[in-house]
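Chains here go by letter, A, B, C and D, matching the order in which they are written, and residues are numbered from 1 within each.
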Amino acid sequence: MQANLSIPMKNVTIAMLGSGFVADFYMQGLANVNGQEVVANYSRTEARAADFAKRWSVPESSTDLDSLIRRQDIQLFVIALPNEEHLPVSLALSKAGRNQVCTKPLARNAAEAKRMLDIVESAGVFGGYLEDLCYTPKTLKALRMIQSGQLGDITWARSRETHPGPHSAWFWDGNQAGGGAIVDLGCHCIEIVRNFVGKDNRPLEVMCWTDTLVHPIEAEDNGIALIRFESGAIGQFEVSWTFRGGMDLRDEVAGTEGTLWLNHFLRTGFEAFTSGAGGDYVAEKAETASGWLFPVGDEVSELGYVDMFTDMFEAMDEGRQPMETFYDGYVVNAIIDACYRSAESRTWEPVRLDDWRGTGVPRIARSARTHDGKTVIKEETMPDGRRKLILKDEKSGEFTDVVA
Amino acid sequence: MQANLSIPMKNVTIAMLGSGFVADFYMQGLANVNGQEVVANYSRTEARAADFAKRWSVPESSTDLDSLIRRQDIQLFVIALPNEEHLPVSLALSKAGRNQVCTKPLARNAAEAKRMLDIVESAGVFGGYLEDLCYTPKTLKALRMIQSGQLGDITWARSRETHPGPHSAWFWDGNQAGGGAIVDLGCHCIEIVRNFVGKDNRPLEVMCWTDTLVHPIEAEDNGIALIRFESGAIGQFEVSWTFRGGMDLRDEVAGTEGTLWLNHFLRTGFEAFTSGAGGDYVAEKAETASGWLFPVGDEVSELGYVDMFTDMFEAMDEGRQPMETFYDGYVVNAIIDACYRSAESRTWEPVRLDDWRGTGVPRIARSARTHDGKTVIKEETMPDGRRKLILKDEKSGEFTDVVA
Amino acid sequence: MQANLSIPMKNVTIAMLGSGFVADFYMQGLANVNGQEVVANYSRTEARAADFAKRWSVPESSTDLDSLIRRQDIQLFVIALPNEEHLPVSLALSKAGRNQVCTKPLARNAAEAKRMLDIVESAGVFGGYLEDLCYTPKTLKALRMIQSGQLGDITWARSRETHPGPHSAWFWDGNQAGGGAIVDLGCHCIEIVRNFVGKDNRPLEVMCWTDTLVHPIEAEDNGIALIRFESGAIGQFEVSWTFRGGMDLRDEVAGTEGTLWLNHFLRTGFEAFTSGAGGDYVAEKAETASGWLFPVGDEVSELGYVDMFTDMFEAMDEGRQPMETFYDGYVVNAIIDACYRSAESRTWEPVRLDDWRGTGVPRIARSARTHDGKTVIKEETMPDGRRKLILKDEKSGEFTDVVA
Amino acid sequence: MQANLSIPMKNVTIAMLGSGFVADFYMQGLANVNGQEVVANYSRTEARAADFAKRWSVPESSTDLDSLIRRQDIQLFVIALPNEEHLPVSLALSKAGRNQVCTKPLARNAAEAKRMLDIVESAGVFGGYLEDLCYTPKTLKALRMIQSGQLGDITWARSRETHPGPHSAWFWDGNQAGGGAIVDLGCHCIEIVRNFVGKDNRPLEVMCWTDTLVHPIEAEDNGIALIRFESGAIGQFEVSWTFRGGMDLRDEVAGTEGTLWLNHFLRTGFEAFTSGAGGDYVAEKAETASGWLFPVGDEVSELGYVDMFTDMFEAMDEGRQPMETFYDGYVVNAIIDACYRSAESRTWEPVRLDDWRGTGVPRIARSARTHDGKTVIKEETMPDGRRKLILKDEKSGEFTDVVA
């Protein structure tokens, strides 16, 4: 993502559909991306549409989605609407032959996502999945390390996203959102985990726990899940709307040759203490305005918005798929569906993927070295520099130590 | 543990049973504890017994366990033997009316542990459970914070212990050990979690995944489990014998009023880079002797050995139970048993506790505040200082925002 | 820097003068900035010029600086040349009425810098100082916190930049560079410190130590300096070409109401361990390719290049001064000059600024609260919640405690 | 310090002289050390003496120092009194032939310290210097790394100790204390630096800045100094009584082969957030009781008190000098004296040591490798794996690159 040439691409004209929290983040992310122009925005109410246009200097705002969709001068539509509207809006766009990118999660469930995917593909239009947290600068570099083999075979990937709960009312309504913290935050974690274990690594089954521990709602405010992949790798995510202390956004990966820890928000090399003096300016998502604070340098860039849109525009330009596609969004929804089934059935549930496109991945290799006819279980260096072997006699089943 | 008076207790005379890795750690821990004296040690072979006695200046060593047990001048026996020997040795000690403390796990399973517990109790002898990681200075202080209410109701506790695998051969043999990484490391994690969520909080059921991903053994080299407690709190542990990068020993706790992160080994405020020059001295458990290293200041103290023995001796002196008892060891084994059953059945398994002594803990409280007749879902401060409420109309089921 | 509108500015056409390490970084930074186009590049040798043009897809390359300077279609010249060439090239550009931005340090000494400044100003052309480390996302946010008063009056600012030494030969030659580690790295630190204590805060005098401890060169490979400002604030920098472990880039600020710690490179929330497997890809500036590594997510953005160029283009567009100007470069050079004089004279040396434009800053306020007619030295909360005052009787000179 | 045998030493009987903040810390430290008993304590007022005895279960308390000194059953006297009393009390103890250990700084200046040293030595009694921060577990391990050569030749050592100011009134009175923050905190830093650069490395001269920036006192509330050693190594310390955010206690060391960072207080692997609920218990020295807090696991052990007293008792037992002696205290006072002279004269001041006992240390070695008859300035690995040399032609003075 970093070695972009400085030759400017021709400007992509964009319509922003939606005017909430995520649309604001998208506008900030776009501001740092070459070769684009948001020419119109849509919101259901005129006041919100106009307010958004003014806030971001968008030349034109509208409450008439249909006529916006018909405009041929707009090259890309950004779906930044509540989850329940993704499917109908995407269908309308595809039918009109319009390129689109959609916020996360792609839909409320895999069935909806599959319809969006199918129609985008049959219409032959561009369909990008705006999974920003897979595009953070740290994640992109971590993926390069993993892909170059520096961690060996991945055995475990953990993604954690927790905070005190979302800012808009509709998130809290399970019907509109399709669920609770898992739909809101787990969709990020799942796709992060998929990237780390490899997208060709089929997710086989899921074990999930959910509960509503603190907030007076129906949807889950806490969830934990394990995802078992065909290589044997295990994915793990933890999501919560009841975390105290800010936003905890961390990923961890273990492999046969190494390990990786990413902290995207609370510990990024910026630490500040203030008595609470001054304070026109408060660090984002901090729960307090005094004491020790942990601001993020450039939140928009660190959360992946800049690199995400850069990839989308380059992909459109080059006629290739972006790193995150509607297909990826569909797989994520299928895993979320399995999570909810498992939380209900209290057992492992298969991930139902009618359409699996991965190439397949072999089982993590177990070492099979021998020494004097015995299996080498472990080799370690002792403090005095000698090598110690732990051996198993496969016939007798006995375990012994040998110092070489 | 810190405000011990400086009045010396009368010396406790000790016999150390065992001469392996953990016995060495115990001797180092004891060296910093007032009022004790290791007067004899036992090992199955004469060479090892004598070597240990010499290494630690123990006046007397023995291979005759029975006669050691009969000696009336020894006031405390430390069981630092492989798991399979805990039960027979403990029974022999109890029958002889001898005080004892036993390394972790207490036994290979709950049935064995229950027998040890019952006989210690019927014999009226002291039975301490040497769960060092519940006694680390950080853990003790974290428990004080939690017990004083600074984190509110605990909703989640995670304990993680991973490293590249144990040093002695018998650990790798599932029959001798009673299992793999869960028996070896999970026993720590489980008891840490129990301390954090409260020991009166009954562990109801367990969901566990295990796999043997890397090493050519039968026992699991990786395991993850969820433990559901009666309050609704969820415990989580991750153990691995395939981690690269040293020993990862971390605990995390979330509550309705706060959060806690403990790092016991890899990030403790000591960071060093070396080209590899010099190097008679290598930091413990580090995988490399050059590059960035993360030593621990005083490993024995940081891992809890000093405070653990101090508590044991004070408890004996004061005629009270120590913080960690044979009963705790039994509960841990019961949870481990449920883990293995769950890994097999692939569903949640109840924790079978014939003997539950907890007082019971209420469900985590969900807030039930109302505003204008609607349920308050969340209250947050906006950047401009105004308060925003997310409300639910319980009749219509509708969610709305209000700025106060 | 974050709330840029998405209205694209008209493209600025740029000539890049130089093809070394810093020019490469500039091209990477520019790639992420809207509204610009590098249309030509210059290098002294044809091979290097062509190679650079090819590497970065620059349409045209040249070894003829004079004709490049005469081209009216180029709107901005980036001086990315060795220090000794800044003055002559800048003079030529100014004479031709051309806008320019110049890499750091502005010149080899204050006299050269003053000439560059004067002629840019008399020519009425744009003169931006490319001090990237004052533009890192963390630094910009830290400045906002400080400017909003969250740290109170700044009492101390430390900037540290150390690594194992520069990559190009000319840096090591004191004559070409104008000095050693202080000219190379100290120029960053000085301007960071100035931003933190406030640019209106006059630097009065400097105390500096330098030595050549490790490398067989004439110039200093280590330097430490204190800078005293008129408010009483003390600046401190440490630079080294002999540091082991990567690049250590940290800033710390203390004020009467708070404190701030920034880590730009070695601890930014990205931690990885690798056995050394794989490894086509090595984290930048790391000394090793195995063991614990600390990559930076997006180095170019984190080191300030993106926000720096954004500010330069916006400033040109808006007809205002950029955050970092030739005047700032001149002040930095004046402080460096004082550093070298002090290292020689071994005493505090005044900072000689013929042209001081700051508004002046008052002395840090000392509290003068009284209690019962005595001066309050300190007030603190005791563990039991009571307030304790330390008081001074100004007549008797006696100090006492009072618990309120 | 860790491999103490478990053979108990015979108990040392101790008198604690003083009942303030540091005496409390000493009692806590002693509680964890084998083989000692505090049998009496002294304070100037009866109320304080009795209160201290009760608080720590000391069998006997007294306000009569002279008769305490005469008691032959007391084997060690701990001088934990204000600075101005160290000399007279030490003299009285030495004249009576009594073993003594003295809190830091040893005296108010080198002249006083020298008298204490001389008389202790001529009396042939034990004289230990209670410099706890040189005994922290991290510092002891860091010293082992350095002494084993893992950092090569030490080029730079920084020690920083800052907090919002001391708790007792007498510290703030320059006359009683002998100075301000430098006497209070700098004494720690100086001896830490001496340990890191090596005690045989003569401190030649000092450059120091002091100011009284915030508090309404005469003594300095901020100070920074550089200490130049005969090897070329530079020591650096920063002390402040105006720091906000808790107690900042960090050391950093750089050498030709490595680097070291120690954080003793604010970042030790224990991080907690609390809304402020509960809160009978507040983390020590934290400025706030809510928000992010950074407790230390076992403050007494982490600050070195346990290992310090262990060394003192073992040294007495073995008839050897402790790691920190009255001589070390004298050197520290001599450096502090030079600091104050330098702050006054505003130039480097020699460290006046009439009695220098170091063996001498050679200058840090500069490499002198050649390649093709040219001096090798630097060798580095390029991203493609090739080795790049920066060379200097000593005849022409020219610098060039060569890729091998």
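Basically, contacts are C-beta pairs under 8 Å (C-beta built on N, C-alpha and C of every residue); 3 or more make two chains touch, one makes a residue touch a chain.
Quantities reported herein were computed from a predicted structural model and do not represent experimental measurements.
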Are the interface residues of subunit B and subunit C largely the same numbers on each copy, more than half shared, or largely different?
same
How many angstrom lie between the centres of subunit B and subunit C, each centre taken as the mean Cα position?
49
How many angstrom between the C-alpha centroids of subunit C and subunit A?
35
Centre distance in Å when subunit A and subunit B are each reduced to the mean of their C-alpha atoms
34
Which positions in subunit B touch two or more other chains at once?
152, 244-245, 257-259, 273-275
Assign the assembly's chain-to-chain touch graph to one of these shapes: line, ring, star, complete, other.
complete
Partner subunit A, residues of subunit B touching it in the complex:
152, 155-156, 158, 162, 164-165, 167-170, 172-173, 176, 207, 209, 211-217, 222, 224, 226, 228, 232, 234, 236, 238, 240, 242-245, 248, 254-259, 282, 346-348, 364, 366-368, 375-378, 380, 383, 388, 390-392, 397-401
In their complex, what parts of subunit A are in touch with subunit D?
244-246, 273-275, 287-288, 290-294
In their complex, what parts of subunit C are in touch with subunit A?
1-8, 11, 27-28, 30-34, 36-38, 56-58, 136-138, 140-142, 144-145, 148-152, 257-264, 267-281, 283, 295-302, 306-307, 310
